[in-house]
Amino acid sequence: MFLPHKILEYKLLQIFAEDVGQGDITTSVVVADGTKAEANVIAKQSGIVAGIEEAIILLESLGLEVKALITDGQEVKERQVLLNVSGNARNILTVERTLLNILSRMSGIATATRNLVKKLQKSKLKTKVACTRKTAPGLMYFDKKAVHVGGGDTHRLHLDDMILIKNNHITIAGSVKKAVETAKKSASLTKKVEVEVTKIEDILNAVRSGADIVMLDNFPPKKVRKAVDLLIENSLRGKVLLEASGGITSENVLDYASTGVDLVSLGELTHSPRALDISLEITKATKKI
Amino acid sequence: MFLPHKILEYKLLQIFAEDVGQGDITTSVVVADGTKAEANVIAKQSGIVAGIEEAIILLESLGLEVKALITDGQEVKERQVLLNVSGNARNILTVERTLLNILSRMSGIATATRNLVKKLQKSKLKTKVACTRKTAPGLMYFDKKAVHVGGGDTHRLHLDDMILIKNNHITIAGSVKKAVETAKKSASLTKKVEVEVTKIEDILNAVRSGADIVMLDNFPPKKVRKAVDLLIENSLRGKVLLEASGGITSENVLDYASTGVDLVSLGELTHSPRALDISLEITKATKKI
Amino acid sequence: MFLPHKILEYKLLQIFAEDVGQGDITTSVVVADGTKAEANVIAKQSGIVAGIEEAIILLESLGLEVKALITDGQEVKERQVLLNVSGNARNILTVERTLLNILSRMSGIATATRNLVKKLQKSKLKTKVACTRKTAPGLMYFDKKAVHVGGGDTHRLHLDDMILIKNNHITIAGSVKKAVETAKKSASLTKKVEVEVTKIEDILNAVRSGADIVMLDNFPPKKVRKAVDLLIENSLRGKVLLEASGGITSENVLDYASTGVDLVSLGELTHSPRALDISLEITKATKKI
Amino acid sequence: MFLPHKILEYKLLQIFAEDVGQGDITTSVVVADGTKAEANVIAKQSGIVAGIEEAIILLESLGLEVKALITDGQEVKERQVLLNVSGNARNILTVERTLLNILSRMSGIATATRNLVKKLQKSKLKTKVACTRKTAPGLMYFDKKAVHVGGGDTHRLHLDDMILIKNNHITIAGSVKKAVETAKKSASLTKKVEVEVTKIEDILNAVRSGADIVMLDNFPPKKVRKAVDLLIENSLRGKVLLEASGGITSENVLDYASTGVDLVSLGELTHSPRALDISLEITKATKKI
Amino acid sequence: MFLPHKILEYKLLQIFAEDVGQGDITTSVVVADGTKAEANVIAKQSGIVAGIEEAIILLESLGLEVKALITDGQEVKERQVLLNVSGNARNILTVERTLLNILSRMSGIATATRNLVKKLQKSKLKTKVACTRKTAPGLMYFDKKAVHVGGGDTHRLHLDDMILIKNNHITIAGSVKKAVETAKKSASLTKKVEVEVTKIEDILNAVRSGADIVMLDNFPPKKVRKAVDLLIENSLRGKVLLEASGGITSENVLDYASTGVDLVSLGELTHSPRALDISLEITKATKKI
Amino acid sequence: MFLPHKILEYKLLQIFAEDVGQGDITTSVVVADGTKAEANVIAKQSGIVAGIEEAIILLESLGLEVKALITDGQEVKERQVLLNVSGNARNILTVERTLLNILSRMSGIATATRNLVKKLQKSKLKTKVACTRKTAPGLMYFDKKAVHVGGGDTHRLHLDDMILIKNNHITIAGSVKKAVETAKKSASLTKKVEVEVTKIEDILNAVRSGADIVMLDNFPPKKVRKAVDLLIENSLRGKVLLEASGGITSENVLDYASTGVDLVSLGELTHSPRALDISLEITKATKKI
């Protein structure tokens, strides 16, 4: 998910501009123009950091100097300093909240993702952990990037990068078979076709119609295992990737992963992440002479 | 927080456009052009609904017909239908995720807010529950609107609508007194001046320098009560609003509120809300003849 | 009104882009690519300068070097040089008009504001001079910033930073009392509530309902004084700020201010300012070799 | 200057959005959702109206019904009603100021333009009255449109629609002759070439080099007449249009026009117009039942 | 490639706005406000039509009525009428060129694509015809949509929807093998991995490393056939899609397709299409009474 | 057509952003963050180069170093290096296609234009070669700039820079005479008036009504010559510019030009240009240590 800095800067400044409105009236009256300051960005709890790339771009776009003491994806401890920032004091104070909102949300998502990834790794499972498109509205890029930093699979980045046939599509198309066949005939050869199935009977139809990925929607672990077995029995396991989705949590993720699916996906990673507590502290200020 | 629909529509379409990218390639191949459908938007768990106004604007901007069975701020039960949607099936399927992301996040925030508000009301406390600027990046409007729908106080809407002198400002200004005095002298008479204090000794300075609101930063309930008493003793309680902030949770909110402060504020309401589970189900589809 | 430079730059470039259209066809044919030039920005009449910050950002965004010989809010004499500009000659010539339009309008507003402010200061009056939202369309930021530079109160920066109940609102709400009471109950505690009254009888209602500011709409000076007295008699003067608005001019401003109101506001400052005459003169040009 | 409504609507909504910010917090608390209202837009002084087309587009974009009782360019008397507006009361109140700011500025410009145009017509002079690019920053379209409505010549609409060689260009090019010759050789045949001359001696050079229009910069009326005579003597009057610019006011415009120039241009029309006083009055409101 | 109309409308209006600038000054002076007209959009040569969906959205956004006599992807004959348009004459004349530029380019691309597709179909070949990202700058959506309408494969829609490892990537990565292996390990499971090979020896490496698609870059037909055979010999033909690219033209396309590759791709379809000649003729005009 | 770099940069980044989408997923996984590279941009065929200015701005906006070995308008041979680029390898690879799409299209247009210009120059004809508004949708600036670089006349830059009365306007206006007279009366004196005539009889009407340019629409060369003679006979040749348009190709352009018209215009230059083949080759890469 490499976004050239100039384009990412533009996204960040739009977010910043919403918060600034017609200007920071507090900083304007309390901090003299020309004041220089130094500040630290500090983790108030341990976790995996994400958003460091974004933080640097945002701060530098305001003419501030930044020294990053950590990189995206690394683990931080409580009270660990992430960034040293220095320069125009007004800019530091005005951007503080936007900066922290980005870092906290992205780090929260990365932390939750990494926890799951590690859990599977410890159990020597190769199952990948993926997020969904259930992000905060308009934050598809930032939320997916954070999952990526945490070690997860970003899944679809928007509606144009994979064919994913969901239940509502099937309702309209008539059947899994019809939907997948139509998709395979019409879709670009450059795109994978995934289909969501709710009944175990549909899995063979899906694979035989050419689906590249089958999503087992709200299957409990036992039923997921049955689905895996069914494919093995029919010598189709190698033809398709299997994704389990719905009802997966930190608690039961090993039950799902140990069934042998390729991918488990959780909406929660991006729709309800807990922000990591991060703050900014001014350490030094030099008034303009 | 009345935003004319035409302006809100533009915000919503920008969010939608990010998800759509170069187009919905699934719907394009699986659903024939001209297909009509009907769908229900359904709560999968109980809570307070927010985002209905936004949902209607978004859906209608795509030419869809919407019948809202509920209004913002009302309580829903599990499986309750919020909206009937009908029209072009491709539009319904393409907008589904953006629509649900907005409704789920806003309803999650409104639900958490309402729970706190009710808790205080049951205890006959008049303390207001407020959010902070710790929102998802770029979602200041939507997150604050949801707090408002839940019955909370939106606090600052961005950096230009109130003077709020925080610790970092005071570090630079030198003292609470100096900071507040400068602010009162320079700021527009149309704006309130709030100041964050970390030490009980600074409260009198703040009020006597003219602060309209004093924020007690990370004071435990006992210390908050001391602050209230101090003002009463000095006959200053009527001169100022008191806000407690930092460390307040659903569990201890009554301890804070019962101290007699005017306002308790929680970053958590908007930086780490749990999305309310809401889904869309196609109930009928008519292929183009 | 501190707007980080990167955000202000974006506003300035949008203004510039409108003037440039598909490109400056004159400069393109008359001035060889690579020509360097030096220029002075000169006041053609005396006044208070505003827009220097904006000028510097705009010029530097084009890669030009700028030396400011004056800062915002200072007084200039006729023929005084404000800025030395040097660099790419085409950029200087293309940006000339946009630059001067910004400087001239903002300086015109600052000059008119300062004249009023000084008048009151000479008479030892503490009344503040404020503008209104009657600005040139879309220039709320620039017009308000210029008032601020001139020493005036910016009043509301847009519709979200204060409750201001005007006659049309009262017509709908039913009465001053009802409108103010509703506002106090529903509005965020972080916002002041101002109400416009047209009848002297409504003043006590307004204050007792909790208004923070009362605007006396189109009251002649005598009636304004009566209003002040009424509040004093009822021991309410300290509870509220008073703003006189409507019909105030440079000629009668002392009559209004001497009544003891806190604020006088004039639409004219921003809806009909006279631009300060400022021009740009190329002083040296070096053709590309 | 025909701008399709959909494009004009977008410009208007951007202006509106700046004023609205995060929403109209007054209307939101004082006016119940669903309230309907009727209002009149009324001239508080006589003049020429402009901005009616813009007003209708803006109001209709918000779903309001508008009945225009006048069209752009017509004369209004004091207290004359320009528009009847009806519909959602919140929209009417929120858009009120943006609407009036547009109407007042544009009508002010149209009124001043028409006064000059009429003055010349009364004296049976065919000289055209033009504005310059000295507009409010970013309002080139609206200011020029208002001049057009008032009966004036819009002159350049931005930097790409005519070659206009000004003094600063000549300083760099070396001479009027060189500048015009270069322009005629390189410029598109679809564009006119105008050149500003400060010395009477340059006029013949300009015309013989092919200038389509010669601008006499800061020539007093006598000198303007000399310039006209010079061209007649040299049988060149029919080859070129003459524009007088600089120092022209309402008082001396006849002196300039009677010299026989084709065009007089005044920066003042758009850089320092007096707004026409126009207001909006709610005449009826029906609360939602 | 289904793009909701509201989002497509926005793209179309941005294109239109560039052409309109400050307004259509011809239509403004020559056509009276309120004039109604009817017009036909007519093909001046035979071909496959694309852009009809876009045309309808653009015209309707201006309030014009449109009757489409043909749909995207159909064949037209010379002089065949594509659309009847009626409504505001100024809008029709102002939008004419933007409308025709879109229709002509898209139809030109669709026509060239269809010609190739038909050629392969006549020879009973199942090879797909694809375009590349070599489009007109900024027209990725419109150019790809036209290829789709013509029956071609759109290939990548931008840089985020498939991993496509090109020679320059391999230069940096070190080898085809290393590049593909890294990609398979790190990329989302939802994306296909394609790799460009220039040497026949690399094909087996590519497939064995897990490439989903192998692009044979600038292989002449004979060498392409060799590549196909190599895969068959190694029992790998079913594991991978083969794409031939570089040097393919309308003349030699059958030679390439008959080798048994799955896909032939041509940059020419979108970087150098010949526009289809289409024009608009006013058939009736009714002046405003 | 001088567009300040900051404004051009913004246009270029919008084009780039469409291609990038949510990020370059190939480069992200195959090229390590921090890798530096050097690359050459190379012409694969001979022609006239355009887009070098644009290329430099785009590359430098990404922090890349560029050394241009050629300037816009110069001729290149096959395999000639146009630019050396160095810096962040990811940026180079991500921008490659956007960069080449711009250079290839603009150079293709410049090459075709220059071929025509040279043809006329060899025959000592002074006729200018012009393009029309038949560009790729939304690429008016880039296409016209390329024509300019090739030595052609850009003609109208959009709808606001000249009055051009076309057949459809005349159908509505009633006659050439009426249309031109209305235009001359109402249009700004700063704009030329051009009219398209389809019948030789209309030419004298057009000129006598004041048209500055007459476009002979789809006249074969003989008829064009007749038109020229007609004007000479009536001593009107010096009063007007003549433009031949419609049906002009590289083959017959001399026949048209030799008739003595001032301008020949061809839609083909911009609606169907052949892209010049240009590519980018990584020459060196240094992995991050």
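Which chain is which? They are A, B, C, D, E and F, in the order written, and residues in each are numbered from 1.
Please note the rule applied: a contact is a pair of C-beta atoms (placed from the backbone, for glycine too) under 8 Å apart; a residue touches a chain by one contact, two chains touch by 3 or more.
Since the model is a prediction, treat every value here as computed from it, not as a measurement.
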item: Result of counting contacting C-beta pairs for E-F and A-F, higher pair; value: E-F
item: Interface copy of A-E among B-D, B-C or B-F, judged by whether over half of the contact pairs recur; value: B-C
item: Chain D and chain E: spacing of chain centres that average the CA atoms, whole Å; value: 44
item: Chain A and chain D, separation of their C-alpha mean positions in angstrom; value: 51
item: Centroid distance [mean C-alpha coordinates] between chain F and chain D, Å; value: 32
item: Per-residue multi-chain contacts in chain E, two or more chains; value: 1, 20-25, 27-28, 94, 140-141, 157-158, 160-162, 188, 191
item: Chain-level touch network, classified as line, ring, star, complete or other; value: complete
item: Residue numbers on chain B that touch chain A, as the complex places them; value: 14-15, 18-27, 29-31, 35, 37, 39, 89, 93-94, 96-98, 100-102, 104-105, 108, 133-142, 157-166, 168-169, 171-173, 179, 182-183, 186-188, 191, 271-275, 280-282, 285, 287
item: Residue ranges of chain B touching chain C (in the complex, touch as defined); value: 1, 128, 130, 153-158, 160-162, 188-192, 194, 213, 241, 243, 262-263
item: Interfacial residue positions of chain D with respect to chain B in the complex; value: 13, 16-17, 20-25, 27-28, 61-63, 90-91, 94-95
item: Interfacial residue positions of chain A with respect to chain F in the complex; value: 1-7, 10, 140-141, 144-145, 157-158, 160
item: For the chain C and chain E complex, residues of the former touching the latter; value: 21-22
